[in-house]
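Next up: some structures, all given as structure tokens.
In what follows, chain A forms one complex with chain B and a second complex with chain C.
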Partner chain A sequence: MDENSAARLKRRLTGIVYRIGLFLAMLTICLPGLWIVLSSLRPTVEIMAKPPVWIPQDISFDAYVAMFSGIGKGGIPVIEYFRNSLIISVTSTVIAVAIGMAGGYAFARYRFRGKSSVFLGLMLTRTVPGIALSLPLFFLYVRLGIIDTHFGLILAYVALNVPFTIWLIDGFFRQVPKDLAEAAQIDGCTRWQAFWQVEFPLAGPGIASAAIFAFLTCWNEFALASQLTRSVSAKTLPVGLLDYTAEFTIDWRGMCALAVVMIIPALTLTYIVQKHLVGGLTSGAVKG
Partner chain B sequence: MKGFKPSAPFLLLLPAMIVLAAVVVVPLLLSLYSSFTPFRLTKPETFFVFVGFRNYLSILSNTDFWWAFGRTVLLLTIALNLEMLLGLGLAMLVEKATRGQRILRTLMMFPMMFSPILVGFQFKFMFNDNIGLVNNALQSLGLTQDAIPWLIEGHLAFIAISIAEIWSSTAIFAILILAGLLAMPKEPIEAARVDGCTPWQTFRYVTWPFVMPFAYIAMTIRSLDVARAYDIVKIMTDGGPAGRTELLWTLVARTAYSDGRMGMANAMAYFSILLSIAFTVYFFNKLAAARTQIGAEW
Partner chain C sequence: MATVSLKKLTKRYGNVGIVHGIDLDITDREFIALVGPSGCGKSTTLRMIAGLEEISAGSIEIGGRVVNDLPPRSRNISMVFQSYALYPHMTVRENLGFSLKIAGVAKEDMDRRVAEASAILGLDALLDRRPSQLSGGQRQRVAMGRAIVRDPDVFLFDEPLSNLDAKLRTQMRTEIKKLHAKVQSTVIYVTHDQVEAMTLADRIVIMRDGHIEQVGTPEEVFRRPSTRFVAGFIGSPPMNLHEATIDNGQLVFASGEKLPLPGQFKANVTTGDRVVFGLRPDDIYPTGHGISSGGAADVHQIELPITVTEPLGNETLVFVEFNGSDWVSRMLNPKPLKSGERVAMSLDLSQAHLFATDTGKTLRS
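So, the complex of A and B:
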């Protein structure tokens, strides 16, 4: 009886400690973001106030209204930036994931000569940061006439993401036991069918997370986009953020508002794709 | 491999090869060539002057460069280790949650949705010595009367940058480790518990070896992401005060775009790429070793 209640108390205490820990961790993660949201809704006077105003006195959507009201009225071409970002990110994510699935499958399922050096070689292309690539790419793009176009940026982003997606998808295909596909083939599937009906669904979580990574990388990329785009016809949102900075001053409120606009689609998309991230599917599939 | 018929893996890898050759390898060869020239943006004709290793030799005696090099290694070491620990903790916290796991996972990935440039602005805003959230909070709580010059004093600026870096990238570790935890079969853990392992032993000898490859994937991804540090540092301090937070890539960008010395900048870039390659090869070997270990046990 005594032992029981002691154990119950201990369990309860660990539960409480666990909840506090979780709460603190989530607070640390979310606070900077919430601060941005809050700042976008407050007037500049309040943001700059000294001593600080902690409780917002005056909530308004003025910053958002100003942003959409067009050039000359404190606005920036945010709809165009948004459209560019969306087209470029979605297209390059789809292409990068398709290429990554082919490559990842090759690494996970086949043996061939120089496999690990090819794999390492692919990864090494990622060691080149955007800033180092931007100048030679700029020269080439000007020559080819694809500077400041969606195509140019999509091409660059696909290359940026392919090593990642191959790596991630390879790892997740390795987790799918080979026996499953072999069993499907014995049961009369072709290798192609076995891939789509057995291995692909099981590697789903990995492919989904690879897609999230790729999308967020494109959506947020700045170093290349700032060099390879110049006008509203191809500028993406991260580059548009700089429209709010002047030589010595920064319009914090406007910038926060644009930041919110940038984050909302990323948040929504991640939330939707999230449900594919349920793993543990392979467990028991072989033994059971 | 036999005859003229291309093998399946070759065909599968071909699209990746083509894209990477076009966008990465060719421009890199171009910049490798220009690292052997005194190429300046303002003097296009210098692109065709060959000077051999002169740029590389002058880098060797450039103290600014070596400071930036050391600082980059330091930042990488601090950031990677802390991110690893925090990410592991976060992933285990979230995995334990019985309810609302989906929303927790989305919240956990929240910082990843922030563009590095946005992270830079956000932390510049928060660490602002006059109107920033951090100083305001410290002053309101009565912990200090002074405005702490977060981004103006060298060491504090380095700390502020590390915090921004860690905040933005812990999520990558957390999500990959969580994916590993979720993909892990439950039987070995149950078996370990039945056999009388303590929670720590279960973690150390059962969970950890399984999760390790995922952690190394995250490590490698992050160590390659020095470019991410470029955006953050560029916005927060721009290498200042007086070059105290200058990292390799901000130095390269300054040499290339502000000074216009492209040849020199490309030579520096190749040094930095070597650093990244060293990290990648190191973690790649670790990854391969961890995978073999799992293969042996499962």
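So, the complex of A and C:
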């Protein structure tokens, strides 16, 4: 075997090894998701079977039908939970992104006293686990009378997301050359116009990605929501999952069905925005 | 079209002074180049005129109107940036028309003015492209087009050619000159490249450490530099500058070598004075191979060893050893020379310069 065919063989073998590695990694990531979908479609006996039944024998949409059939018939107030989730996630995302844009812009463009300490302080808030705050927040919210309200949860989520959105958006504004805003001001813009006409469109993909992250954090958050909400009027979808647990039983199938209902909107949104995100990043081409 | 007047213009960041109270009057339609090494305050001065930096003291007048505290948009200026600063998310057409759109100019008027600017700069074929699809030279032209469209009182250029390669730079330099001839407006042009300044400007302002060293026509700053710094900065290759002491009508260098004191300085120096002697490469040449061969009034002949030669085709830079260091000379109609060879050199002392060692000021009266 000459050198060239040896090298060719080696390249081919390496390719196969890479693919196997990649397959294993993707399997680890995707299997739980797939398992949730499968479990929502099969009877409890099959879900609990040991050894696991890999190929479903008996598929039905009973759990989905039951979910929407109202209280008393195995249903839960899924529409209300969905509405709560949507209101709370969208509102807190909009607020967090607005604050993130203002803050990120300030950190990227202005020099001020204590800038790095403030920035570090903001980042440090991310080190505190949300669950550790739930008890103090609970007492505080009870006193303020905002327990079990949309407003209370929105407030908590905004606080949770703002450091992250500031950090992410700051990075994107830094990539937009300062010259562009200055050129716009010379071209007749006010500082405000220069921001909206030039800097905002260029940092758009970054702001969109900050928005996705903030939205998903709110949409999937469980620990705080389970402490700060009680009733159908404020509970979000992740908290709604607990409706499937009774004193002695857990309805795994129902829980998985609700999980699927939760995942679909998040997945769809991410997919739609992600296309714009990639498009925006490639057409930006600030440097060159 | 407008005059620009800087009065005691000062810029400080905290306690650090960047520009120290400069005065400058620029006449209508004049092309002024601000030139100097990095950190001399030339860009800061330009940015203060543009309104992108606040001024710490003094005043700026454009067209007789004090604009100290006006925002950039109210000064009726336009600026070409070193980075071009084209808006990446807009086409060339939108880039050109952006200022008009902001000003609320009617669509037909806007289209007409964009078309005019595009015709002047030959951008017609590029109007629907994005900046990322243009070459460096094309981007530079779009940036200039964007400046023209506004029909400003004053054009500001901030090192506009320094991102281009050498060939394109020469080409764009010519285009800028043609453009100025065409639009006939006041131009303030910042560059660290003295060749650009010399070729483009009506007058050159040489800055150093936040002060103006000299203001003059290219001819003046080249022929009659008022300080040692200007003498060394303007001209390529730079002027040969060496310290010497005056002794009975002679210049005595550190190595002990001597040259006669040029006649034009005899009245201004006395024995014992410490001076800096300067001679441009054009005024020191192998005998018979100089610009002023035969016509010069005060030529001193001396035989010197050659260290290195740099042939450039039409001329050769010859480095000769004098006073323990290399002096660069320019040889026209070059003939082959070898390192180490001793050649007869002509020094045209009528073109020599003398500067006071302590103040750096010229000793020419």
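In the analysis below, the second predicted complex is superposed on the first by the 241 of 288 C-alpha atoms of A that agree within 3 Å, B and C clash if a C-alpha of one lies under 4 Å from a C-alpha of the other, contacts with A are read in each partner's own complex, and residues count from 1 in each chain.
By definition in this document, a contact is a pair of C-beta atoms (placed from the backbone, for glycine too) under 8 Å apart; a residue touches a chain by one contact, two chains touch by 3 or more.
Since the structure is predicted, the reported quantities are computational estimates derived from the model, not experimental observations.
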Contacts of A:Q185 with chain B and chain C, given as first, second, both or neither: second
First (chain B), second (chain C), both or neither touched by A:P77: neither
Contacts of A:G240 with chain B and chain C, given as first, second, both or neither: neither
Greater chain A contact set [chain C / chain B]: B
First, second, both or neither for A:P201, with chain B first and chain C second: second
Chain B and chain C footprints on chain A, overlapping residues: 283-284
Chain B contact footprint on chain A (complex, rising order): 18, 21-22, 25-26, 28-30, 32-33, 35-36, 39, 47-52, 54, 98-100, 102-103, 105-107, 110, 112-113, 115-116, 118, 120, 122-133, 135-137, 139-140, 155-156, 158-160, 162-164, 166-168, 171-172, 174-175, 205-206, 209, 212, 216, 219-223, 237-238, 241, 250, 252, 255, 259, 262-263, 266-267, 270-271, 274-275, 277-280, 282-284
Residues on chain B engaged by chain A in the complex (per definition of touch): 1, 7-10, 12-13, 15-16, 19-20, 22-28, 30-31, 34, 89-90, 93-94, 96-97, 102, 104-118, 121-123, 125-126, 130-131, 133, 136, 139-140, 167, 171, 175-176, 179, 182-187, 213-214, 217, 220-221, 224, 226-227, 230-231, 249, 252-253, 256, 262, 266, 269, 272-273, 276-277, 280-281, 284, 288, 291
Contacting residues of chain C [partner chain A, same complex]: 50-52, 71-73, 77-79, 81, 83, 85-89, 98-99, 102-103, 130-132, 146, 150
In the complex, chain A residues that touch chain C: 177, 179-180, 182-190, 193, 197-198, 201-202, 283-286, 288
